[in-house]
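Two complexes follow with subunit A in common, the first pairing it with subunit B and the second with subunit C.
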Partner chain A sequence: MEALIGFFGDKLHVSGTLALSLAYATCIGSLLGFVTVYAMFAIWMERKVAAHMQVRYGPMETGGWHGWSQSIADAVKLLFKEDLLPRDANQVLFWIAPAIVFCGVFAGLVAVPFAVGVQIADVHLGLFLILSLAAVEVVGVIMAGWASNSKYALFGAVREAAQVVSYEVPAAVALLVPVLVVGSFRLGDFNAWQEEHGWLVFHNPFVVVSALIFFIASLAGCKRAPFDLPEAESELVSGFHTEYSGMRFSFFFLEEYVSMFVSSLLVATLFFGGWTLPFLNVSAMPAPVGLVVLLAKTFFFIFVQMWLRWTLPRLRVDQVMAMGFKYLLPWGFVCVVATAVFEAQGWRWLPV
Partner chain B sequence: MGGIREYFGNISDALVTTVKGMAITGRHFTSEPPITVQYPRDRLAVPPSYRGVHILEQQKCIDCKLCAKACPVDCIEIEAVHHGRILEWQKFTIDYKKCIFCEFCIPPCPKDCIHMTAEYEMATAVNDTMIEDLLTWTGLRANDRREVEAGEAKKAGKPAPPAPEGVTPQPGGPAGGNAAPSGVVVTSAYAPGSPGAPGGLPRGPRKARDGSASPAAPAAPASAAAPAAPAAPAAPGGDLAARVAAIKAGLASKGKGPS
Partner chain C sequence: MEALELYTVDERDDLYTEELKLNLGPQHPSTHGVLRVELKMDGEIITASRCDIGYLHRCAEKIGENVSYLQFTPYTDRMDYLAACNNELAWSLAVEKLLGVEAPERAQWLRVIVCELNRIASHLIAFGTYGIDMGANTPFFYAFREREAVMALLERPSGARMLYNYVRPGGVAHDIDESWLSDVLAFCGEFEKRWAEYNQLLTTNRIFIGRTANVGVLPRDMALAWGCTGPVLRGSGVKWDLRRDVPYLWPYDEIEFDVPVGEGTHGTLGDCWDRYWVRMREMMESIRIIRQACARVPSGDFMDKAMVRMYKSPLKPGKGEVYMRCENPRGELGFYIVSDGGTSPLRCRARGPSFCNLSVLDALLPGCMIADGVAVIGSLDIVLGEVDR
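Entry: the complex of A and B
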């Protein structure tokens, strides 16, 4: 960010405020571009992964090679589709709900360090900021469900509202564990710490459990199977976005894939070393190397999310609650306390 | 203590079953080639006894209408004018909007001239095209016309019934008796094979599609001076014969099969 401001100041000879605005515009534009391209790729990837797990081909026609441009065709179709507004819908809420949903997860990318120095805002409470902004998304989902004036959409929204409590709390508790070990909320610090001490999952056994808890909770946060109750296709048509079409619908779709990206990126950054690699000093290498390493890890976890989606059946509402409150949350507390003890005593895997 | 056992049992069950399930889907993902077929380009083999669109060996058909009577949904309509044993074909249609592909029309045929092919792509956007005419030609073929007119001329000349040889198939003629009888004097007003001769041109369903639409299944050989000359107009496209042979071979091998 500072580098961009300096670049605009030096090369274009613009004043401070203008340079700042230009830098922000560049950052937001590049992030939006990245997110769009990523979402298209991820949707194509999801379809191919799903197809091959079901021993079929998936999209094969559009664009020639294995239907690589299927997502582009779909995006063009969605762009030109009619934007429908149900007669009895609450117009204002109906219109701003997709924006809120998308902004919630998209804004979280601001605090994400992609590589050494590749970060828009080096927020000291970066982890906290990302989690809070991701929680805003739920408001948009409930708005969409309520404003649609459709019972399926309302059911989806209410399920989301019921589900959010049972996954947000375990996720937050599980994230306390790496924070406890590293001693910071700044995401850059996690990378630096892991460069020095090795990946956090290998730190002590309770970090492994907390990584698992956070990954499961983040699945629910992305509304992915087996926690896709808010948009359960087989029960609620398509849940909270039943009444949406065209571009507004595609915002919900984009949001789902971006939040998959953010949560996978958090898992990779907090527990699996971020852009660091064992036996290699990636931080000393040029930034693109770190970027590629981090994106590779992120896409691995996105793949695992897809893998789980096409493996597990959907849980019932009460099962989601039980999962959150009876299993994830107590074990999260156990991990926090045990990690605190381990850290205080300087123990690693075995208390010696 | 049962509660605690159940609690930890649930956790281990969840982990174990998830890992098992992921192993299965992972195996499908990595090592099993897709079992589906990219349809328009790749196709699955159709069994030889498949009941698809009909074909008719028209030169063998005697217009007995047994197939139409056997049809449980009355989708076959046959019209032909009989000149002795020579048929002047009007139509032989199957309404595929009604047809249930039960194959009941095949066994009653005394001449074994109607068959079902393995062709199954019948989708169309227009209702009318669902009624298929199986005829390869309509009306009389040039040879038949000559024969019929000769017979009529004879009848007009002498009241005695026409000599049977007029319609008897000559030895060596194709089965079905459409060879031009060599002994008959041609008195037709039509020059054989001339464009004016009606009924000489083949007309049939699906010809455009299977490419064998031999526009050459043509009217009679131009020379009346070669009386025993190829009664080829009668010959259905080589394609039809080949398909019928293939169907019969398939059915036979199926009958002999292990099942």
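Entry: the complex of A and C
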């Protein structure tokens, strides 16, 4: 950010508010561009992953090579679709809900360190910020379900509300474990710490458990199978976005993929070394190397999410809550306490 | 209670709860066709349900009274369109009984093979769509891959892929080609491996068991009282299979096979998982039957000679009435024909398994959650084409 302000100051001879706004605009623009391209790729990837698991090819025609431009074609189609507002819907809420859903998750990317120095805002409570911004999304989902004036959408919204309490708490508790070890909420510190001490998952056995808890809870956070209850196609048609179509619908879609990205990125950054690699000093290398490493790890976890989605059946709503409160949460607490003991005693799983 | 009834909307607090009426269908991803279920919901829990059927009513029985006996055969295909051969068989046997004709030996064995192949294809759909109902999309594609193989096999003698019009009064429509039997046997070997995969993917999945065990429990007495048949009845632990108990084709008497029944493996006897598992094991029994039948197909006519002569003009059975029932993939399909000696039946009535099995739905749903409701509908494995006829 400061670098950008300086850059604009030098090259364009602007300063103060103008430089700041230019820098902001550049950051948001590039992030939005990145997110759009990523989402298109991820959707294409999801279709390919699903197809190959289901003994078929998926998109093969559009664009020539393995249907690479299918998502672009879909996006263009969605852009040109009629913008429908159901007559009896609550017009304002219906209109604003997709924006809230998307913005919440998108804004979280601000605090993400992609590589050394590639970060828009180096927030001290970065982890906190991302989690709380991601929780805003739920408000939008409930708004959408309520405003649609459809019973299926309402069911989806109520399920989301019920689900959020059962996964947000275990997720937050599980994240306390790496925070406890590193002693910081700033995401950059996790990279630096792991560069020095090795990946956090290898730190002690309870970090592994907390990584699992966070990954499972983040599946629920992204409304991905087996926790896709708010959408639950076979039960609620499309759940909260049943009444949405065209570009508005695509924002829900975009949000799902962006939140997959954020949660996978958090797993990679907090537990699996971020941009660091064992036996290599990535931090000393040029920033793009770190970026590639981090993205590779992120996409691995995105792939795992897809893999699970196309393998597992869906849980029932009471089973999701039971899972959150009866298994994930107590184990999360066990991990926090045990890690605290490990840290106090200076124990390690592996000698590092 | 009285105070509640006196309550008017204006006097209510801002926050209140009420029961919600939810229309599940007729356009809904998991009602397996155009079934509409009116549900009364208390939150996620179903408190009352009422099935509304008839969206696919095509006057099949009335058509039967207006066309000739032979012409009605393809119409029976379109009742339970997933088990066309089995429908034709029930109709053909009823007409044969009315005429006093019996199909030649070769035709009898071929009928066994095509009907069991069709049973596998039908159960594969039940398996695949049940996976989708539970939110697992992948088993569906696996099931369709094998169903495709069955359809390709059935296409060779019949020329059709889904609605075969192959089994006809007096025998079967065409003879099989030379390599057909060996190809059927090759499919059997392949299918056994695939079947094990299905179980790894879905049957033994913890989430799947959690979603289906102890859900939609249909006790033995209730299943009998409501007239359930087929896997729904057997899932409740009643060992009743027409192929074994009333062999309508004599080859079934000479073949060794088991009748799988529900055992309450993961929960209560007669839950959704039991019904599902009965269907899965029935596929394996069908493979056993096909293997034995393929070894015993004799040479000879595939159509009764007297019947071929009769086909030159519309069939005219004497006065009388018959009832013939067969074990379809979904249960007992019966045809009741009254003949006044004319070229078409005076009365043609079908007793459909899906219709009778569906009737129990309203009794099973109250108390379930909406996700369980979908599981129950799927486990009854209805085909609306045959419910509405």
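Just so we're on the same page, the second predicted complex is superposed on the first by the 349 of 352 C-alpha atoms of A that agree within 3 Å, B and C clash if a C-alpha of one lies under 4 Å from a C-alpha of the other, contacts with A are read in each partner's own complex, and residues count from 1 in each chain.
To be clear about the criterion, a residue touches a chain if its C-beta (ideal position, glycine included) is under 8 Å from a C-beta of that chain, and two chains touch if they have at least 3 such contacts.
Only a predicted model underlies this, so the values are computations on that prediction, with no experimental measurement involved.
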item: Partner chain in contact with A:Q319 - subunit B first, subunit C second, else both or neither; value: second
item: Contacts of A:W310 with subunit B and subunit C, given as first, second, both or neither; value: both
item: Contacts of A:Y327 with subunit B and subunit C, given as first, second, both or neither; value: first
item: If touched residues of subunit A are counted for subunit B and for subunit C, the larger one; value: C
item: First (subunit B), second (subunit C), both or neither touched by A:R56; value: both
item: Shared subunit A surface residues [contacts with subunit B and with subunit C]; value: 53-56, 310-312
item: Residues of subunit B touching subunit A in the complex; value: 7, 10-11, 14, 18, 21-22, 24-26, 28-29, 32-36, 38
item: Residue numbers on subunit C that touch subunit A, as the complex places them; value: 20, 22, 28-30, 43-44, 131-138, 140-142, 145, 201-202, 205, 207-208, 210-211, 369-372, 374
item: Residue numbers on subunit A that touch subunit C, as the complex places them; value: 50, 53-56, 151-152, 155, 158-159, 225-226, 228, 232-237, 310-319
item: Residue numbers on subunit A that touch subunit B, as the complex places them; value: 49, 51-57, 60, 307-308, 310-312, 326-327
